[in-house]
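Structure in structure tokens, see below.
In order of appearance the chains are A, B, C and D, and numbering begins at 1 in each one.
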Amino acid sequence: MRSIAPVLASALYAFAAMTSPAIAADKFPQPLAEESLPSVAKLPATWPQSWVTIHDFHFGAILDGRVAVVDTADPVQPLKGLVRAAQFANFLIAKDRGELYTTETFYSRLTRGERTDAITIWDSATLQPKGEIVLPGGKRQQSVTYPHLFQLTNGGKWALVANFTPAQSVTVVDLAARKVLNEIDLPGCAQIYPTGTSGFTSLCADGSLFSVTLDANGAAASSKSVPKVQDIDNQPLFSTPAMVGTTAWFVSFHGMVQGFDLSGPVAKPLPGSFSVGTADGGSPEWRPGGWQVINSDAAGKLYVLMSPYGKEGTHKDGGTEVWVVDPIKKARTLRIALKGQTLAIAVTKESTPHLVAAQASGAIDIYDAATGAFVRSLGATVAANPILIQVP
Amino acid sequence: MRSIAPVLASALYAFAAMTSPAIAADKFPQPLAEESLPSVAKLPATWPQSWVTIHDFHFGAILDGRVAVVDTADPVQPLKGLVRAAQFANFLIAKDRGELYTTETFYSRLTRGERTDAITIWDSATLQPKGEIVLPGGKRQQSVTYPHLFQLTNGGKWALVANFTPAQSVTVVDLAARKVLNEIDLPGCAQIYPTGTSGFTSLCADGSLFSVTLDANGAAASSKSVPKVQDIDNQPLFSTPAMVGTTAWFVSFHGMVQGFDLSGPVAKPLPGSFSVGTADGGSPEWRPGGWQVINSDAAGKLYVLMSPYGKEGTHKDGGTEVWVVDPIKKARTLRIALKGQTLAIAVTKESTPHLVAAQASGAIDIYDAATGAFVRSLGATVAANPILIQVP
Amino acid sequence: MARFDKITENLARGIARGTSRRSLLAWLGAGMTGAASIPLLPVARAATPPAPEAPHGPHGAGAARPAIISGLEQDPGDRASCDYWRYCAIDGFLCSCCGGSVNTCPPGTEMSPITWIGTCTNPADGRAYVISYNDCCGVSSCGQCLCNRNEGDRPQVRPQSNNDYNWCLGSESSVYNCSVAAVIGVALPAAK
Amino acid sequence: MARFDKITENLARGIARGTSRRSLLAWLGAGMTGAASIPLLPVARAATPPAPEAPHGPHGAGAARPAIISGLEQDPGDRASCDYWRYCAIDGFLCSCCGGSVNTCPPGTEMSPITWIGTCTNPADGRAYVISYNDCCGVSSCGQCLCNRNEGDRPQVRPQSNNDYNWCLGSESSVYNCSVAAVIGVALPAAK
């Protein structure tokens, strides 16, 4: 056997220029304590109210997307952990169960080979996977992440997954039993807005909405179409609404706000759409712009991400102000100037609510939601391409 | 059925402000021709001599590494295609067969689940996979990419794959028959330098080298240890040598060049190691630095990437000059000042050879190898983290 | 229930299976005559609209790089720039920067058989062209020349007018590499 | 042939299976007495040494961020900075920036059971400490606070002194997320 003792010695002995141990050790008679290994951090069973999740679409490797768990109150260590969100994934939080869910797509050879679509169930304290439900047919809809491609219904016991092949359908999954219940064809309609006790609404290509109720087997029990709820050519609604209880507040490309009551079996458009308002300085005009352009706070106020460069085609370019709107009074109550071109906004449920703004640069900025005052920036420390913020 | 005709119309009709077609059409009476789809580019069967491959380690998603095929003579469209190089992959070019090989590792759920190690065989003209050889045991060595973890021997018919669990071994693979032949234990030794007609040499932890010859079954036929070929404590050799024919020229952390003759069954250290030289301006001194710090041209000259900030621990920090050395005359013949902190270098086999330098920033710069004159930069247009350059 | 409109769906599936450039144009023509065709030819994924200071202006980011030009006076502009006229509704990495061209996928990929159709105006001849934004699939994110333009883009309820879908759909792998922008015809005159 | 040294190999395999912090230290002590131990405890992967103008100096890059401090006078420095004393030979993403800490893996990962050992000098007490650079595994690249320092780093022929290996080895998944730098003892006085 060759002697390898010198090898070990070099690893253990101090290297190169070392300060004299004798002198400094006088001040610190005891060395630093040995540290316990292995050690893996755990998150609190109930996440603090300053925590949000931020979806990193990860353009440089879309197949390796992830969701960051972020403490917006901690500028020193804002990133609390990452949850895998592979290949145009969707992500859901079930706070009451302490579970997180992802819908993802995998290939046996990373980019090629056998395809598997699956829901993974993650423990929200350990961020470890605790179960999987394989989705059949290789039909899961892959899009830049929209929240309403994966939603809960039936009191959170079931999940609804959007499919697109390009034939459109919705898969109904029993999360507790970890099995697929049913698939509902949905030609010409997109997105899933949970409706009533067990059902959902989608928006359709002709401007109508379509509401479906589900029976105990996850099959469609009834359905109803409501025509002309939006004018897609001239006043299209962004697909992601702000939820206030069971009311979904949508905003249009031009800044018109339209509510839908989703409490019953059929979605009901609320009478009286209204404008988020206008302002000087538009070039040519102020319009909503970004990826997640409208959100709500716990008190029911709406926050709309606005760009002064609004015209046809600018609706995803991001915004530089947030306009706060009271949907009951149908009036704007505040304008908040942002630090940079922002793609997504959300408001925490803290006792002092904070507006969380994700810039295109990756920087996450925090503002006082009531006053609009800038509080802190977390820098670009949690995600490469933050495009969605969820408040648990 | 709901009418969806308006939908189609909006996609076909021109949008918004269109210049008047009548006026401009006078100048161009015919519209642009329709273009043929689908269409996928193909590379030449024999790549031009200005082409190299650049390994993108892809730190932001190591599991999604890739190798870029790059035309160093084309500043407009330098990137010719990407080859998958997943999870600490290695990559080889078999020019005579028109094949490329990757050794990779995959998981059934991207980051978790069942592990598969495999060699993928790619067509060098289509960049499509044409075969796969699964490597057993989940033992493939994963490291920041070194060329000598995956090498050819036996006239290119076999491949040698390094394993590390941390037990060290080498798997012998028959590429033509697409099967694993054998595994050779190699405790205490690392890297694979093809030696003789069918065999390899590794460097060992005690400073020796170890040469193995392979029999017709890919098993070890003979082996020999040569002691004290390097002083790992004081004058360690970078693991990646410059090859000139069957001579491997290694450079040490301090800039001493040592040749090994790999033409016979046992590697032979060449007598007379020599220094790449010294220069003013070191702080404290000039030393080799980077990831691929030495390479050769077709004439047998050596190119060494040098840093003026050389001291213990700087050997991977990158360099700002290339020193050209004639290993026969044991003399430096040229100093080439680089545009920025550079990690990897190579020299093309063109009639006018070019030095290719990969900066840490991702920028790829091209110099005249004979004069050191800067020729062009390709910008950061081919790889996020270029760490190795191969010249086919 | 659960069968809202099988006719429409089957039609869409037939399109997905059988579309070639020729049949696509035939189908587009047919579409004008009635409601029998549901144009399920959307395109793929949105890119982060990058910061305004990015080299390529408000619609894309990336390294500064030389222009890729056609050499044709009737097809002006830089095919490595998000501002090139054909990219009026593109979303993703430009294949021109990835080993392909404005209408060719890079080697190693597969072109998606069905696509989203946009309408862009050529500044040289003033004509509005129908542009097919095909995705190239089976290789991971190219990483070069990320662009996102949305002229005419509409929400996902109208798939053929929405560029957020991953259109690596009819291909063997749904992994997205880059997008091309091919001229497949002249648009009909704008309806007044 | 093909059995160069089974004793050494089996020993290494035994280490790989059974190493805990305690047994590791016991083994390190034993190693000093003879040649029977082959210290196969290397650490993981190298990072691109980033441009000198990067916020964290020559050994790392990333967003400017507030310091992470221990609060102990005897353990000074910023644990989000590549220049922190314990990181003298680290290579990878700092777990302190990824949901873990200087000696704790982020939630969702698994700590590699065996590690590379470095020796770093604490500027406060002047002592040289044995630092265990454990990798955290099973989650993809954290992407924050990439560092590469190589004081004492040697080529791969000496695994325990080389930080280019992916040391997500004894773990369920070899996918690398970030690295910790834990104090596991005081180094022996430097041999003169």
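The rule is simple: a residue touches a chain if its C-beta (ideal position, glycine included) is under 8 Å from a C-beta of that chain, and two chains touch if they have at least 3 such contacts.
Please read all numbers here as calculations on a predicted model, not as lab measurements.
**Student:** Going by C-alpha centroids, which chain is farthest from chain B? Tell me that one.
**Tutor:** Comparing chain centres, A lies farthest from chain B.
**Student:** If you average the CA atoms of chain A and of chain D, how far apart do the two points sit, in angstrom?
**Tutor:** 34
**Student:** Please compute the C-alpha centroid of chain C, do the same for chain D, then give the distance between them in whole Å.
**Tutor:** 47
**Student:** State, to the nearest whole Å, the distance from the C-alpha centre of chain A to the C-alpha centre of chain B.
**Tutor:** 39
**Student:** For chain C, jot down the residues that touch at least 2 other chains.
**Tutor:** In chain C, residues 5, 8, 38, 88, 139-141, 143, 151-152, 154, 158 touch at least two other chains, as defined above.
**Student:** Two or more other chains touching the same residue: where does that happen in chain A?
**Tutor:** Each of 2-4, 7, 10, 15-16, 60-61, 63-64, 84, 87, 110-112, 188, 204-205, 232-233, 312, 384 in chain A touches at least two other chains.
**Student:** Just spell out which pairs of chains touch, all of them.
**Tutor:** A-B, A-C, A-D, B-C, B-D
**Student:** Write out the stretch or stretches of chain D touching chain A in their complex.
**Tutor:** It comes out as residues 5, 7-8, 20-21, 25, 28, 31-32, 34-35, 37-39, 62-68, 74-75, 80, 88, 96-101, 103-111, 113, 117-119, 121-130, 132, 134, 136, 139-144, 151-152, 154, 158, 160-161, 177, 180, 182-191.
**Student:** Touching chain D in the complex: which residues of chain A?
**Tutor:** Of all residues in chain A, those touching chain D are 1-5, 7-16, 18-25, 27-28, 31-43, 64, 66, 69, 75-77, 79-84, 122, 125-128, 362-363, 379-382, 384.
**Student:** Show me the residue ranges of chain B that touch chain A in the complex, using the header's touch definition.
**Tutor:** 2-4, 6-7, 10, 15-16, 58, 60-61, 63-64, 84, 86, 104, 106, 108-112, 116, 118, 120, 129, 132, 188, 204-206, 208, 225, 232-233, 312, 384
**Student:** Using the touch definition from the top, list the residues of chain B that touch chain D in their complex.
**Tutor:** 57, 59-63, 87-88, 105, 107, 110-112, 115, 141-144, 146, 164-168, 182, 184-191, 202-205, 210, 212, 219-223, 232-233, 236-239, 291, 309, 312-318, 340-341, 343, 359-361, 385, 387
**Student:** Okay, in this complex, where on chain C does chain A touch?
**Tutor:** Within the complex, chain C contacts chain A at residues 1-6, 8-9, 12-13, 16, 38, 40-42, 45-52, 58-59, 88-89, 114, 138-141, 143, 146, 148-159, 164-166, 168-169, 172-176.
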